[in-house]
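Structures given as structure tokens follow.
The same chain A turns up in both complexes below, where it pairs with chain B and then with chain C.
Showing the complex of A and B:
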């Protein structure tokens, strides 16, 4: 067990290093920040000075080794745009993304498991057809379009919820709802097919024969055995959300890490790009290890 | 009359391949309508730009943000006009080509590269089999947005470059699927038998493994087509995908965003086109999965008997 965790952690560290190297060099291909931050008619001297302050005057390889050296003591560099430590900026944004992801994931998991199981209980029934069709629509809808339509209808038209920003409970309703729809459709499909398999097993017949209630057959006997693929797909969706829901965050002006990442890519704020990639990748790797451990808890046949 | 002929007359008459196909399709009505819709989309992909390019680009300031469902201007204005007074119906039909080309091109490229790599990785027991899956890991954790911005700055943001960006990000899907399938297939008895018979590696892969692998890959590709379409729309929406004057549905949604409160139809119709296309693809891929699976096909066959 410990050996497994250690091995996984090392493998994750290696891929993280690959990622850092790739992003470091590739992000610099997007151009020189000097052109973006100084006025067009800035003198050559002030340009030189700007480059010197941010360490951009040195050769690329030297910049890279300096970056790695600072990284060893957890110094992620400084944001050019905000003149603050990059890690602080990222953690602040990540707090918002984490809250949004956790709330949405909780609701999605609950709803998808309940509706998916009920759909699987009578395959081809009325409820099943509706659930399948609506989950397919949900999985097919582009979130930016849904977000726009929702703003027009609920914020502008009916005036129930604010259009964007954060502050009150009301601000959370639209982002969570929009973020909810696609994962809900995808996870419901997996729950349904996985439950159909589980419900056709012999021990379900036994449970029925001994007179167990439908509710306990679905949610106790079958669900536990159907959980593994469900957890896998929830993990995939969670990874997507932790990476920041770029579209939803952009449209609703939500100060999360996805919006931060796209903004800092466009602003050539390299250290923030790198820091946000590392923070999210770290959390996602951590989550993946936890999911693997969860497999072993749920299915005693799996041992590491 | 021989015995065998007698038997064949007793059994239900064998339908032709095409007829079986259609009766299987008709037995799932959702899939049938999805197929009809996709044929409509394909028609506008092929003929749209040829016939409507002039109308889709012609600006008419009197028709700025013209309201939909107004018949006085002719059928072209049925869905309203956009911010420069171009008829939306024509624009949606013309934009179908770029949207479908981008998604189709990206899926084709990523499927080819991904499955070739996956087949190689699945068949080699040495270092190569260890190394290739790691490529997938790195690609998957690389932010696709950054990749898009890099391409946008380095090369020009054209249709073909967007295809390259999307293709790279989707390679892991096929690589993993192909590898997992091959790992499972290569332990099967008939592969062992083929090896014992002295079949060459080439023959085993193309003659024995491919027929098992292709249906899975095609199902994944249909689903992925929908996903890539959404991804392209998102990129165009964020302004790092297709650039005007080229149009795609995603770009049209984004261009209509400033006019949301005054002219909702600018963003609404292209978004609806995206939804219907991805929904149809999902329904069709569901149907393919059932129709190709010998253990599940009876669900469709029962339905088609009922309809006979």
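Showing the complex of A and C:
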């Protein structure tokens, strides 16, 4: 097990290093941050001073060497725009993204497993048809449209929830709901098809013949065997959410890492771009290890 | 079932864990929604719109305040100022003023504020915007008297100094996250990503404002910002789009001090020919834009600066829209050997102002309708600025650049030197006569100064037909019906809470 984790860690480290090199040089191709930070009529002297303060006057390879040297001691550099350590800026935003992703994933997983399993139990029944219909609508409706419509209806029209922000529990209802819809549709379909396969297995027929209750057949006997593909899809969805839900964050004023990353790219705040990518890559790496370990827990045939 | 209930409970707890109780809000508390979160709350960066809206005259004050209506300076932390000659101005400071940290305001703070702003160690925007191209220093005469000296002498030094935000002398020369000022409000909380809260000070030297507390929120979606006033979650939204400004009771248009124009490159044929420049101006149906792609409240421009600027000439008229006459001018230039068929590139900047792409597309069509060969290229700001600012590429072809210029400081010097002198960083021409006029006007003061800017505007617009002026733009603000607040030209750069009262 330890050997497996070490091997995965080394492989991820190589990927991470490649990512750092690629993002460092690609982000520099977008241009000089000076153009965006100073007024368009700033003098050449002001521009040169700005470049000097932020080390942008150095040759690109020197900038890269300095960056890697600092990174070796976990110094991710300073945000030009915010005049603070880039890592602090990213971790502050990531905290929100992580909360949003965990809450949404928890609710999505719970709901998709319950509704997907029940739909699979009576294939073609009313419940199955409704679940399929609504999950397809959810998976295909655009987030930004749903978000705006939800604000217009539930905030402006009915006044049930605030339009945006993070202040109270009520503020989380709309963003979590909007973020919930798409992965719910997708995971529900995977649960349904995986459960249909599991429920047609011989051991389920045996369980039925022995008079086991429907709840026990679905959630104890079949579900455990159907979980592997479900976990793979949940992991994939989680990776997407951990990278930030840009549209939901933008519309609902949620200070997450997705919006931070986009803003930083547009503002050429290179240190923040690199720090965001590394933090999310690191967390996704951890999550992948966790999923691999979960496979082994769920399926005794898998051993590392 | 038990497990299911436990899961639901866990879910509820996790939601509760992330929630916080809503604080009690007084009737005199207000909420303002800005378009983006502030990166800094730094007084020397207060020339950036959203930072200015929080900081200027709320947390940090200036020595004087510009009245945008008449261009006059009103004393604030300074009681008076006097021209001592040779570029030196003496300021008498207000006595009895305290910073929010309890320290007393005096000349040492003013000197430190200037030194800090001009320091080589931090890139303050105030320096880049207002104090470039001069040597400026402050000398303390006594606790409440200070001299500012500029080399070369700046006749508008008091106007420039009015942009300087005052911080205590203890403020380090690096960007601060906890600004201390003499203003009527103190920064009491900055919850990064969520809000900024200012509370009214009890020990403020001036009149007590009605607003007791201001909470600033950040939403990048204009529709959401606008909806927040509708739902009662917010009281003021300084920027909404024209399409959303549909409620006459809450939505106000105001001149935002921005002027849109096309900068023409006189150094390259055919734009060096005045007939072609006239034809381009006559090709633009400005009236057709109003109420369609440009808000109907915008004003057709004949100057680079808005009408409230010193020396503005109301008699200047745009060249009338006349396709036939414009075509005749193009043909005349062609007959004289000017290569009017050369492809002219129109460089637009994406999202420079509302409908920027559509406006540039319409302009391109209008120019081609009079027989010119214009092609549009929309560029991101980083690329666009390379076309707009010098040094220009040596091997460039003829180019026009669509731009928007902001002058809310009331004096043309902030625009005309940079945009029209031979050495101007964004000047598309070099005219010695115009240079002389600009130098003369820049060096003058008082009524003479106002009179001397007139010939500069006339030379640019009528004699040289230097550029294609389009519109003095407007912005839209949504204000809750419970407030008395009318946005003005300065709303683009500041939002003094003391100007807000309750109905």
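Just a few scattered comments:
Criterion: the second predicted complex is superposed on the first by the 304 of 304 C-alpha atoms of A that agree within 3 Å, B and C clash if a C-alpha of one lies under 4 Å from a C-alpha of the other, contacts with A are read in each partner's own complex, and residues count from 1 in each chain.
Assume a contact is a pair of C-beta atoms (placed from the backbone, for glycine too) under 8 Å apart; a residue touches a chain by one contact, two chains touch by 3 or more.
Everything numeric here is computed off the predicted structure, so don't read it as measured data.
Applying the stated contact rule after C-alpha superposition, one finds that A:106 touches chain C and leaves chain B untouched. By the touch criterion defined above, A:27 lies against chain B but remains apart from chain C after alignment on the C-alpha atoms of chain A. Look at A:151: by the touch rule set out above, it reaches both chain B and chain C.
Applying the stated contact rule after C-alpha superposition, one finds that A:42 touches chain C and leaves chain B untouched.
In the superposition on chain A, A:18 contacts chain B only, with no contact to chain C. Touch criterion met: A:250 reaches chain B and chain C at once.
Once the two structures are superposed, chain B and chain C can be ranked by residues of chain A touched, with C on top.
In the superposition on chain A, A:212 makes contact with neither chain B nor chain C.
Applying the stated touch rule to the two superposed structures, the overlap between the chain B and chain C interfaces on chain A comprises residues 30-31, 148, 151-152, 156, 250.
Residues 30, 134, 137-138, 141-143, 145-147, 149-150, 153-154, 226, 230, 233-234, 237-238, 250, 253-254, 257, 260-261, 264, 267-268, 271, 274-275, 278-279, 281-283, 286, 299 of chain B are the ones touching chain A in the complex. Interface residues of chain A facing chain B in the complex, by the touch rule stated above, are 15, 18-19, 22-23, 26-27, 29-31, 124, 133, 136-137, 139-145, 148-149, 151-152, 156, 243, 246-247, 250, 261-262, 265-266, 273, 277, 281, 284. Of all residues in chain A, only 30-32, 35-46, 49-50, 53-54, 79, 81-84, 92-93, 96, 99, 102-103, 106-107, 110, 148, 151-152, 155-156, 159, 162-172, 250-253, 255, 259, 263, 268 touch chain C in the complex they form. Residues 7, 11, 14-16, 18-22, 36-37, 39-40, 42, 47, 120-123, 125, 127-129, 132-133, 174-175, 177, 192-194, 217-221, 223-224, 227-228, 230-231, 233, 381-383, 385-386, 388-389, 403, 418, 425-426 of chain C are the ones touching chain A in the complex.
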